[in-house]
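Order as written gives the chain letters A, B and C; numbering starts at 1 within each chain.
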Amino acid sequence: MKTRPLMHMLIVSLLLFLCLSGIVVACSLGKAPIAFDDVIKVLLKHIPGIGGFIHPGNYPDIAVRGVLLIRLPRAVLSLLVGAGLACAGAAFQGLFKNPMADPYFVGVSAGAAFGASIAIVLGVSYFMGISGTGLFAFCFALATVFVVYRLAWGGGRVSTLHLVLAGVAVSAFLTACVSLVMALNRQKMAQIISWTMGSFQYSTWEETGIFAVVLLVGFSGMFLFSRDLNVMISGEETAHTLGVPVERIKLILLVLASFVGSMAVAVSGIIWFVGLIVPHAVRLVTGPDHKLLFPYSALSGGLFLLCADVVSRLLLTGEQLPVGIITALCGAPFFLYLLLKNKQERF
Amino acid sequence: MKKQVFAVSIEGMCFHYPAGQVFEGLCTKLKSGCFTSIIGPNGAGKTTLLRLLTMWLKPSAGTIMVKDRNIQSFSQKELGRTVAFVKQEQSAEINFSVFEMVLMGRYPHLGRFRAVSAHDRDIVLQALEMTHTVYLKDRSFNRLSSGEAQRVLIARALAQQTEILLLDEPISHLDLKHQVQILLLLKRMQRERNLTIVTVLHDLNSAAQCSDDIILLSKGKIHAQGTAGKVLSAENIKTVYGIEVEMAVHPRTDLPFILPFVFN
Amino acid sequence: MKHLVLVLMLICGTIGCQQEHPPSPSGIIVTDIRGRKVRIPSAPQRIVSLAPSNTEIVFALGKGDKLVGVTNQCDYPSRARLLPKVGDFNRPNMELILAGNPDIILAGNAIPDKALHILESAGFPVIISEALTLDGIFTTIGLIGKSIGAAAPAGALVSDMQNKITAIHAKVANSRRVSCYYMISYGKEGNWTVGAHNFIDELITLAGGINIAHTMRGPWVNMDLELLLSHNPEVIIMDRSQGGLSVLQNLPFYNRLDAVRQGRVYSIDADLLSRPGPRITEGLALLAGILHPMETGE
């Protein structure tokens, strides 16, 4: 596959444009009666430079509150989380050379669920817009990854097989712990389950800002190691003989991807399938080159989750579906379609 | 530039896996520009020895000198520019094109950030030409036959532009035609580029035909090292492999030819 | 590409910093049940209730016509079922609340912290008003009355309720206390009941009963089955949606309880007892009738 930089720049720009317009569309959809041009005015007002041309008072109060404080943070956060999950998933798939790898692979989801259950039982409240539950989830998720890494470490290196095994074992243990916590605190059980199912319903600007920073750092880091990941596809020993610092890369990517995954769980609960499916779908189009895989996955993942979130809040009247149900329902069949198409092309 | 006599010299090297000791006080020298085969039964430590030469494994004692420098003084990328390693063709589903695969051989020179230049592309094309794989350059790696894949991996190693080329059983899984093809390719590389080739081989006769130097390993010790005539004797083979063989001489090359026989 | 991401982040940051607030209304400041001081308009015209008990109180104070949004669980009075819904009491829908454009929101204890945070930053006055004790119910009614411009009806309602309670209690004050168990759930879901510091426990006492979990730390208690069996209450009260006598008669262990064997298991509309609102007087009357049918003339 020849890399044609110009073509890829165009596609990336197109995806970026789709993401931005997706946000605008998401801001204009909802049950509260806000006219489309009011949405545009509110959004434009807050872009530095253009904002000066729009007089405040040109749009009703409900537009401001609805767009700026309820719809926009939710749209932006779902976009960013989708991007983060897709990148982290791509990184784990590249690291482990395992097509079933996702951002929660080494215990992030189980650790986060356990942390959240503890926080909910203790009744930890939020501060500065970050929920205490989210904070607990984040810390426990990272701690779990650390434990898994230490368990898998031996003889100066970490074998990916051991990471997987340790991750599975620790995750199973922590999941059992969550069940135990729920059994001992039945009145909180519904709350715990509802948290784990993943939702952007109460997204705040504070969370969005923090996640944006984490995503920027995480994505940049992962993107920087694209070439290394490409070489590592031939195996760790081969990559080593080609000069790739394999152990260091594994650790750095593990940290970056786990950070992004943990933060994603902290702000929006556990959302399956995005990190697993988006990189695969993207790979069918871009091939295995990580220099393309990361940016394309980020943009596609963001767009996908943004759309899924909009659907989840509009599909049923008066009720919001957990966004993970939408991602599964849409993601799996679409992926099957791409896979079948690719199989036909090969033969 | 003074050319060293020995590309690799190992002095008093000890290494052990958690399961048990492999090498204890191993000493040997590998001449530059020579084709050296490492033979021996399974578990003798052949692959381990190669891995110690790439620093994938580190000895617990002793020194390994590469080009008259302690191997530990090399940075990983430097070592990647000095020693290339070809494993047996890998079975993973690799979707990169052949050209992209061979281009990865330039990593020790490019590092993480330097852009690929026309010079690098030329080197890749050269490597493809030498291994007769230019016609495959745009094909996906996972669509190659075993023989083609092995040649591509050798091309990648050539793109690394190293002085030393290590191979781990490069032909054990290939059919006769491809076995000969690869061995001829390696001999040509040795001649044309003055490469030091160190390869683990299972087939004793191939080793006999190709090697300037043969190391017979047994249980982590060098049982014998030298020319084919010296190393490949019936007694050595009986001692190390535990089987009876008849020794013959290849009619065309006058090199030893081993004829194992199976009792009925 | 990195530049584009940076610009995106800048936009985020700028938007985040420029939250427009509606002009602050002149109004009054009330202190809600969590000690939060909230500024509210003096005569709210559009009320959203996020707890069934709050809905009942608003209607009882004669301001039901000002309600523009209630939860899916608000089913009393029947008019409430026709009102626009804004989600569940523990998962209110921001969008629907926004659509209702309320000038005051009466929330319950179950409101998620983040939802509260978002509603506050959107400029909605939110008052948390859900009681856990009997006195708390009177305080809540007073608080809501003050907040929605119905302070006088609130005072009257509280007096009325207190009179009714006193009257009912007087009938059974001298009677033997009947041991009673309020069964919220049973079986695999656990034996959840009310403990101390729970208005339902207080109501049981006022009705001439004694809650077998009275000494256990509440407000909710998961009672060990063996403990329940050893206490062996004379009367079991459960909600009519939970099955009732016939179910318990067929459950092992539960069918050993005296109350089950003697048929003294009563299925009632538990909302009368469990909603901290104006209908607890009805619940109390019902309970007293069950525990002391002779004294109350039931």
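Here is the rule we use: a contact is a pair of C-beta atoms (placed from the backbone, for glycine too) under 8 Å apart; a residue touches a chain by one contact, two chains touch by 3 or more.
In this text, all values refer to a predicted model and were calculated from it rather than measured experimentally.
*Asks:* Which category does the touching pattern between chains fall into here: line, ring, star, complete, or other?
*Replies:* Shape of the chain contacts: a line, open at both ends.
*Asks:* Measuring centre to centre with C-alpha atoms, which chain is farthest from chain C?
*Replies:* B
*Asks:* Per the definition of touch at the top, where is the C-beta contact count highest among chain pairs?
*Replies:* Per chain pair, the contact count peaks at A-C.
*Asks:* Can you check how far apart chain A and chain B are, centre to centre, with Cα atoms defining each centre and the answer in Å?
*Replies:* The mean C-alpha positions of chain A and chain B differ by 44 Å.
*Asks:* Using the average of all C-alpha atoms in each chain as its centre, how far is it in Å between chain A and chain C?
*Replies:* 38
*Asks:* So the centre of each chain is just the mean of its C-alpha atoms; given that, what is the distance between chain B and chain C in Å?
*Replies:* 79
*Asks:* Spell out the part of chain A that touches chain C in their complex, as residue ranges.
*Replies:* 12, 16, 30-33, 46-48, 56, 61-62, 64-66, 68-72, 76, 125-126, 129, 131-132, 186-187, 190-191, 194, 201-202, 204-206, 208-209, 212-213, 216, 219-220, 295, 313, 318-320
*Asks:* Please name which positions on chain B make contact with chain A in the complex.
*Replies:* The touching residues are 18, 51, 54-56, 58, 76-77, 79-81, 83-85, 87, 90, 92, 94-97, 100-101, 104-105, 107-108, 110-113, 160.
*Asks:* Please name which positions on chain A make contact with chain B in the complex.
*Replies:* 1, 97, 155-156, 224-225, 227-228, 230-231, 233-235, 237-238, 240-245, 283, 287-289
*Asks:* Name, in rising order, each residue of chain C that touches chain A in their complex.
*Replies:* So the residues of chain C touching chain A come out as 1-2, 4-6, 8-16, 18-20, 22, 72, 85, 87, 90-91, 93-96, 98-99, 101, 112-115, 117-118, 121-123, 189-190, 192, 220, 222.
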